[in-house]
């Protein structure tokens, strides 16, 4: 298997069974570098649902994806072997079972010594992914977290785990090191003042939209946390964008980043030991124009290009 | 309080805070006959989701509702005191908690000696409603069940309760008497042959689409099960309609009833002791034309007119 | 000018400046038989609005229209000279001014000895059309009225004229002869019982949906009112169809006709002195699938074919 | 009554009868500070319509609203008693009657010594609101006006009042002081040159998009007009945003503000005697992604937070 | 490989890489009975386009498909080995090249001794399929053709091949025997009278909608042409349905079949030597409700069940 | 004929037969300065299709257009005679025939000594337009090209001409002078590195998005290529905008210009001998909000205002 996308000028982009970036489907025991997979689950969502349909719709739109990164001068499929391994098993009506299945599935990916980019799903899926990573690397990870929300919120309706809690749990379970954690694109409003305090108290670095607009992406990119060679995870919630750029999401918040600002952050990522990533909270049915899905493809492309540049 | 809808020729139908049929909001301890409420829950759905938004969208569209039934010569708000009591509490990410809350909420409605029409929600909400009814009436109920599906299906992913199991559980828990149960509008395809056998084995009466088309609604309406004065529940899944008539639903099945056929069944309901009803599986976001929501309003109207005719 | 549609096999149907059926644009002083025009007005609508965009959207979809009627063996553009004369002037925010402009505009069409088919607009536009016809023919007209609603309703918010009153006013102003008036497709629910009584009291013939389903279109078509050679007007409100067939309308009502039933009525119209017609209450923005607009085109086609058959 | 929103972590945000920000419904004779209400009217609109459905759809989406303002460190429901008082009566087909009803309704709100935020409706609703304010305060008001258009335009079709004239009438009727009036976000094209001259001639301050982009929001925010303690009204037409940020509006204009720029203006509002405000020209049916409605909620939130900060 | 669909109760239906009916992907040299594939091409369409996206969207919706046919008591995956073989190569901007590729691709399927069901594409794809079948079977085929249109039309813009000509060419090239050809669901209007004459002249059996409604499906099903054991092809254009049932199509025609009528025809198909079939003219982007796509799945299911019943 | 748009304050903007900017329809042999026409063709598109519907939808939305340019102080209909001449003939299923028809049609426009603005169509239509211009002016043109893509790409599926090749062919056929060609808004990703090299090798000026964001529109506008008095063509592909601003397009690319940036470029165009222009790649069916179509109208307005300013 050569792990190349099907060429659009040979076989039209609208045709064929849909995989991420038209890459081959592979089993975990094959030899490749980066696994792409979906985690179709929205059982942790508190308002809109439909994130479960995101992996198949992002696969569909990713037919429009291309591999050559003009700024980095990389063609990811040249430096890396990348494959689509299908979807992680989930149980739509049981978060606990789903967490176990995700942790197990990601564990197997890691045991195969693969890096990965996961396509959610609501943001509750990130916690079991981090658990698997912690188990693999036996230490707390660094975290780069794009989001409108802190995701450090308290339980809701006596449920301790939902799509707004993964950072709190990850800190509490020591899956991540809060001092090596950065949250980008955060903005209000919040339900209560306390919602904004967990990150501060735990010394998480926060680049709010106000700060980003005041200082600029380039200036901020000079002061990324120093991750050294620790394993770092990147979690990208598409609601970090302004709803004009990503209407198809679960809890949109006015006043977010432009897609270009998000691209700039991803292009200015320093050389780090990026061991995995996700893009989450896409709800295709809320975006008939498909631009949210296309943006998710772009995030996956930027991550693959980063991995490719430092491979 | 006079339990009359706001008059459209006084205050335009598009205006005002939205309640079912523009009826007043009431507390349970007020004196009235029929409670309308929503059960916004889709945590039992196995494919599409978004049934949680159904109560508020059906309220919105019910502004277009009218009260005078031409065939029955009834104005429901004249014979009955009907009110909107808001939504039953639910927990979107926990079916078990939700079941407890529904059973408790419906129990309170029944303790106030009200009849009710509930607006789901996916079809998993009917089971705890039946539990509350059983507790109240201390005997098995009759059931009139409109649906494309038997809802007698086995567990999925080790989950015994989901939106396709309420009839099986209701029989097993003796909440309903299968011999006083009728299923209308059933049709295939099914996943496996076994899916079609539970009802037969339990001597449930089944009027499939094929049978309805062969014999006609009127002929069938001569042979309703004899419910006597037992308490009867009516559960209406909008997927009993052909998807052309109800595209906004969770698991649409080709080849269903027309809206007129459904109306005819409801208009030919014999005099029974109807103690409660629901209309479920509406997903507004899958129907930009709103006709599914409007049909749900019509089902509620037909049920209220039936109650009114025999009040 | 030859009053032929642009040929689709010469010039693709999606191209060109949009006129009804791709017919030529003509001035009233040119010689032709039937004028097609729009009446873009929704200032009489009490719930949904947007009927003002109907003429341009129906023109767009009418590119898909064809001229040969298989059942009648007629090609309307062969027997008749038909042209698009543009839109009647209206004032979106002033019903009174609009009524004057419609009456004047239709008067000019009639003075040119043209028949016409108008594309509304909400149903309030029919009254001034009938006024112009009365003035021209100096006698009450016969009326064939397809609708879910009687349109004999009382004032709303002290406004005596709105989209649900044209039949009442037409009877009161003696524009139509109620005994030579037939209403087809009527069904409930109504706001109050009184809403169903005006037509009965005035001896208007009513073929309700129930009656149509019981007797069938063919049987009913044997007993049309005897219009003799009196001038007859046909007013077609698309909400006579079930919302599954015409979701893009202002006040949809569940349980209506199928498009085939409507076609059958139009094809069984006896030989009458049809002097004008309208199709109204299309709201394109409520029908992303465009089937309502396409149905409106079909109604116009059936009327033109009728005129052509008896020309 | 405690005038707190229903808590999302107790009762899911998608559930319940929809009020603005899930606040309680109150009568005017109750004691509270700020009344929220809808003015569902589009009888002044000259192109697209459907603004009449805006109040109910904005209520729906406002379930997603939160109360804590991160920048201001305020929780509006803590400092202020805010309630939803339902919708102002309107007459969809009669602008004159509607103007009288709005003026009367707002007069009653003011007599109860409430401030208010109204949700339109097309922009024609602002004039009668200003008339009520003038009557109450017995002097001309200051006006902060966000819009793509001057709204100083001449009559159309002999109608002196429509959704593009309120500023002209407000100046002519001395409801506002043009020297204490500022228009933000104005841009062309215009129909004719004269359309751009009324504001200049009357010495209204105008911050066009070009000027805003040249100088920046922050610099401009140093030079707000000096309103002193005069009563000031804020009218926010969502078409001030670029259509990418607010597609659901009546007369969109390319090249507008971003949502963040609008937020910045609202956050930099000086301490003023803000007595009332509106957000207008939202048409939900033109925005299936709901981002326009969500932005309207954000404007209401920013205004409430301003009132709260200076309460 | 066991050629079973992925079980929905093991792995949720919304998850996984999308194939028809969740069947395995197979190479042609594997041993199985029926190949499913897409032919994503719309280069023969004269009005709406987008049929190229049909195979991937039908695959997506087919996740909702089930295998057990209640009426026939068959589970197609039990009697037959069925697989998804991906998409036939096409050239979106060159009909001639596409025809060559389709003929070659289908030829390979036939050489592997497979039967097949193809998912178009516009209706121009059927001609090269028939050419491949003729080459394989060395004789004219029988044809069962569901359509609103005859598809016997003349060239357009000097192009002899487009989506309305396959029957004419198939007769002229002797790919089919017109006396063993039946066209079901035909209806007007037509562009000209001549459009309705080719079939008659060639003694093709035609069951128009009028005839179907007059005689009924069951009566007609007694008089299918006698196909003997000749190879028969079935081509199903979804525009045979009324637009209410299949809005997502290229040239919709008012007054068509219901989905149940279409099912009945397919269920009453006699035992024939069915060697291949297609379902064509689905345009997903014109049907946000997905019911057209779901109907296409149902057609494929009925055909597979027929093959299974007589396997 | 006076070549003025129909006045919106006389005849509502939603009414009337739709032409570009409500301008009169004219024959080529009438005396006027600038011809507007559509080129409804998408037979060169490699992914999404539907550009064929763009001319009629842009005409529809252009009713909202106005003529007075605030920045330039011009009213284009005052300085110029502008008319709508309908659509260029095309053959949807034959690119070669279409190219001949376009070249002939544009040749006739030029022979009438008209300038023009064409509304595509996919981007393959620009090549035959340039051929006609070369024939008319007998020399290579200057080109100002807004696009996300270079359109210098190689053949696909052995087809040398498609919607991504016009610049390559125009250079090869010497229709344009690459040194007098500028490409604005280009960005990746690309399929392969080579895709980015043609322009560089041919010394085409390229202002990528990165460069535009770094230097700013104003600074770049100081260094336009020096076109002298050579004939210059402007081709505007709406995908130069970010998908948030123009979702309705064929091959959207994340990270594009804002609508305001595009406006600024067009407003800073120096005095040049602009002989023709197009706006292409609008697909109305992918933008239910119509903002892409409205932006296309704005581009046409800016071009007309430029022509008007230097007329």
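Per-chain numbering from 1; labels A, B, C, D, E and F assigned in written order.
One rule holds in what follows: a residue touches a chain if its C-beta (ideal position, glycine included) is under 8 Å from a C-beta of that chain, and two chains touch if they have at least 3 such contacts.
None of the values given here were measured: they were computed from a predicted structure.
**Q** Counting C-beta pairs in contact, which comes out ahead: D-F or C-F?
**A** Between the two chain pairs, D-F has more contacting C-beta pairs.
**Q** Look at interface A-D and say which pair in A-F, B-D or E-F is its repeat, using the rule that over half of the contact pairs are identical by residue number.
**A** The A-D interface is reproduced by A-F.
**Q** Rounded to the nearest whole Å, what is the centre-to-centre distance of chain B and chain E, using the mean of the C-alpha atoms as each centre?
**A** Centre separation, chain B to chain E: 38 Å.
**Q** So, what's the distance in Å between the C-alpha centres of chain F and chain B?
**A** Whole-Å distance between the two chain centres: 55.
**Q** Could you work out how far the Cα centre of chain A sits from that of chain B, in whole Å?
**A** 40
**Q** Which residues of chain D are in contact with two or more other chains?
**A** Answer for chain D, listing residues that touch two or more other chains: 12, 14, 46, 48, 52, 91-92, 157, 242, 244, 286, 288-289.
**Q** Graph shape for the chains shown, where an edge means the two chains touch. Line, ring, star, complete, or other?
**A** other
**Q** Under the touch definition given earlier, write down the residues of chain C that touch chain B in their complex.
**A** So the residues of chain C in touch with chain B come to 46-48, 154-157, 187-193, 195-196, 208-210, 213, 242-244, 247-248, 251-252, 254-256, 286-289.
**Q** State the interface residues of chain D toward chain B in the complex, per the touch definition above.
**A** 11-12, 14-19, 25, 38, 40, 52-53, 55-56, 59-60, 84, 86-87, 89-92, 288
**Q** Considering the complex alone, what residue numbers of chain A touch chain B?
**A** 42-46, 48-50, 52, 91-95, 97, 157-159, 162, 285-286
**Q** Which bits of chain C are touching chain E when the two form their complex?
**A** Residues in contact with chain E: 7-10, 12-14, 63-71, 73, 75, 242, 244-245, 258-260, 263, 288-291, 294-295, 298, 301.
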